[in-house]
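What follows is subunit A paired twice: with subunit B in the first complex and subunit C in the second.
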Partner chain A sequence: MRLESRHWVFLGLFLVILLSMLLQIDLGVKVSQDTQRMHDYIENLPPGSVLMLSFDHEASSLPEIRPLALAVLRHAFANGHKLIGVALLAEGTGIGYRLMEQVGKEYGKVYGEDYAFLGFKPQYIAAMLSMGESIRQTFPEDYLGRPYDDLPMLAGITNYEQVDGVISIADGSLTTHWVEYAGNQYGVRVSAAVAAAMVTTYDPYLASGQMHAMIGGLRGAAEYEQLIHRGGSGLRGMLAQTAAHVYVILMIIAGNVVYFLNRKKGRKR
Partner chain B sequence: MRRRIPQLICGLFGLVVFLCYFSSHPTARSIYLTVTLDYWQIIFAFTLIVGAISFVRVNLRGIERGEDRSYRIASLVGVITMPLLALIWGLKGGSPFMWVFENIQVPMQSTVFALLAFFVASASYRGFRARSMQAAILLGAALLMLIARSTIGDMLWARIPEAAEWVRTTPAMSARRAILIGIGLGSLTTSVRVLIGIERTWLGGEK
Partner chain C sequence: MDIGTIVAGILTLAILTFLYRDNPIYKMAESILIGVAIGYILVITWTNSLMALLFKPLFGAGEGWLLVPLLLGLMMFGRLFKKTSLLSRIPIGVLIGSGAGVAIPAMLEARTLRQLSATVSPVIADGSLDISMLVILVGVLSTLIYFYFSREQVGWWGKTAKLGTYFLMIFFGTTFGYTVMSRMSTFIGRMEFLLTDFLRIIN
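Then we have the complex of A and B:
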């Protein structure tokens, strides 16, 4: 097989990422205003506040979403908040439960008393709206099949009025619906931890105040890990992300140099 | 008549849900909850059945014709196996369903998604050229964001992340807002057209 230019580009990127993953260098990151705002929001909530974490993502974005979710979960558990997990995309169900269980164990939290995972409900808009009326009716049982009323931490939680905030962990446009339906109609405070590609989509909501806080991408996760003094795959992945970005920048420059040289040659002829 | 009845049902439900959305009366809330919780979910379940049957039929026909046989067989095995695993052993953590999900589906999907990085790298070399002033501006903004989103932005010059932030929160957000408002107005118009029966393409064409 004859290697074409794109194959060399692929091989170069593979080697750059592989090398940077093998090296253990902590580059450190400067914390952005957005990440600081999200951190301050969770930090300043009184202990025992109820936060609803919605795992609105697919399995494909897990390498980027996982560090974000773990950082937020660790911070919330460390501050003694009560967490309700839900998933409005089917693939987020198993992932969300596993992440909550993992971090819950790290902080010695008890399922049903400190956190609960209600599982998946199809038709996300319907689920968001009906939770505004009754969370119990929307999720009569949790993910493990235990009745809603058997979970002590859910006692007294009827709808969004008893929830201090929703954090949508998303890789797509589902957070928009949280803002439009749960936030605008029921007045619950909506924040988000989203994939980097979605950050600009939510900027207008953040600027208008319809969304309270947002962290985005691997960089957002790295900044958050730095703020909570708990290193994770966000900070570890920054070297690989930086190396890949530098590689792409060099490719753009090389491509343009070749383009302008060819154009110059063409003019001379 | 075949078109009139679905149109009437659509118009009636649309109007009822629309009015209930803005009312805080207990009856209105109850109707709203019934429609969103029960009716919507039932309709969704039926659409899933239609989708699953259609998927199986299309792939079986493909296998008969010998088109991409191995891929189609793999798809059908997945479609049949996953519900069976869920029905027999459940969906809880540690169940065979979750094992397959975590050890097969998650790595496969992440791998496919990760391939994007390689195509982006290739496209950046072969296609991202400053052919015109507009393309040069786009290129400049892309380079700025790439530098700012990695750690080199902070290292090179403290103003680089600030500049990237300005691009994100000023020109990019203005364009995004304009698009959002356009989408909102378009959705509103289309919804009204569907509710009052002017828009009928959802019924399957004009025959």
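Then we have the complex of A and C:
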């Protein structure tokens, strides 16, 4: 077994994260304006408001998406909002249902009365436009195969006009389509909880007012957990995240130093 | 510990072995991931889409018009055989035509017109200078000049284009930083799972 330099770098990162997690120190975080805006949005909605949560992500991004989704779900349930879950990427279907069921149980919510999960529809643009006309026609049955009309909380909900906001929980570009088709065409308020890699993609939509609010990445989750006074993977992961970033910065500096030293040696020869 | 946690823990460790080098254990875990994902997508599409939106209403409620999308869908399979491959062009044409018709106005509005409108907001509002708006305006103009290739980038034009490249570099750096943060979060999430649920080292 021969270890190369990259193996040592990986091993170093592994040890840094492992030690940070074993220490279990709560660093606390400074809440950003974007996260505060998202929190205030859900907080200020009257109890009983209808929010649609769209699980637009793949299973591979679950470690990052889960803390975000849990924080938003907990806040929405705690404020007595009615939640409709959908998935426009197939892999988000089972995950979305499980998360809603888990948090629903925590807050004593009843499926069908306080929340419902409608499942997956392919062709996300067609699904978004179709829900603007009729959610019932788009999802004649929920994820569990129950007819739409058998779910009491969905009585009176025809299309986006009865939905107070859509929150896209995404790891890719689907939130853009929510803005384009549901937000701009049907006037529903679109917000997002996204993987950190997508934050710069959605910032322009937030700045131009096309998107109402956004939280991003594990840091966004940590800030939100702090705001709702409910610790979770976000806050727990902050020390590890900080330590990992410091480690990466040190590696970049070390890499540059080695590069310039080698270049200097080469010139001398 | 439930069987799901044990399987997830073993597969996570199997995937992490790739950090040393490509190996059969990693390949096995990768193949399982792809197989399970495709199987899951097929089942979900069948139950949530084909059954709920097509077969049940067509054969259960007698909604005859659904024969049209069914027929178009079947024509897609024409590609499998040389003699019938022309048939698939019809549903593809419908998809492209309707897709473009729906997408072009929506994208033009969201990605161009509204963004443009936000960019040209007043730099001086209520008698005071809005620094953020000024940075956005300068950034947009200088970046656009950088991508204007019909004029040689020399003199003040070239200097403005150069400024545009700095804005681009800041954007690439920010995006890369966020991506690193995203990948670290994923790794931290898996480590948390391994240490708490699988190995139960921490609470």
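Heads up, the rule we're going with is that the second predicted complex is superposed on the first by the 269 of 269 C-alpha atoms of A that agree within 3 Å, B and C clash if a C-alpha of one lies under 4 Å from a C-alpha of the other, contacts with A are read in each partner's own complex, and residues count from 1 in each chain.
As a convention for this text, a residue touches a chain if its C-beta (ideal position, glycine included) is under 8 Å from a C-beta of that chain, and two chains touch if they have at least 3 such contacts.
Because the structure is a prediction, the values reported are computed rather than measured.
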Once the structures are superposed on A, label A:Lys30 by its partner contacts, choosing first (subunit B), second (subunit C), both or neither.
-> first
Go through the superposed model and pick first if A:Val50 touches only subunit B, second if only subunit C, both, or neither.
neither
Thinking of the overlay built on chain A, is A:Ser5 touched by subunit B (first), by subunit C (second), by both, or by neither? first
Check your understanding: Thinking of the overlay built on chain A, is A:Arg236 touched by subunit B (first), by subunit C (second), by both, or by neither?
Key -> second
Please work out whether A:Met21 is in contact with subunit B alone, subunit C alone, both, or neither, and reply first, second, both or neither. second
Exercise for review: Answer with first, second, both or neither: which of subunit B and subunit C does A:Pro122 touch in the superposed model?
Suggested key: both
Q.
Contact-wise, after the overlay, does A:Arg219 reach subunit B, subunit C, both or neither (first, second, both, neither)?
A. both
- Check the residue A:Glu141 against both partner chains and state whether it touches subunit B (first), subunit C (second), both, or neither. second
So in the superposed three-chain picture, is A:Ile249 touching just subunit B, just subunit C, both, or none of them (first/second/both/neither)?
first
Where subunit B and subunit C land on the same part of subunit A: residues 10, 17, 59-63, 91, 93-94, 122, 125, 129, 143, 145, 185, 196, 199-200, 204, 207, 217, 219, 241, 244-245, 248
Residue positions on subunit A within touch of subunit B in the complex are 5-6, 9-10, 12-14, 17, 27-30, 32-33, 58-63, 91, 93-95, 97-98, 101, 122-123, 125-126, 129-130, 133-134, 137-138, 143-145, 185, 196, 199-201, 203-204, 207, 217, 219, 238-239, 241-242, 244-249, 251-252, 254-256, 259
In their shared complex, subunit A is touched by residues of subunit B numbered 21, 29, 32-33, 36-37, 40-41, 44-45, 91-93, 98, 101-102, 105-106, 109-110, 112-114, 117-118, 120-122, 124-131, 139, 142-143, 146-147, 149-152, 154, 158, 161, 165, 168-169, 172-173, 176-177, 180
Seen from subunit C, its contact residues with subunit A in the complex are 19-20, 37, 40-41, 44-45, 47-49, 52-53, 56-57, 99, 102-103, 106-107, 109-111, 114-115, 117-118, 136, 171, 174-175, 178-193, 195, 201-202
As the complex stands, subunit A meets subunit C at residues 7, 10, 17-18, 21-22, 24, 59-64, 66-67, 90-91, 93-94, 119-122, 125, 129, 139-141, 143, 145, 176, 179-181, 183-185, 195-200, 204-205, 207-210, 216-219, 233, 236-237, 240-241, 244-245, 248
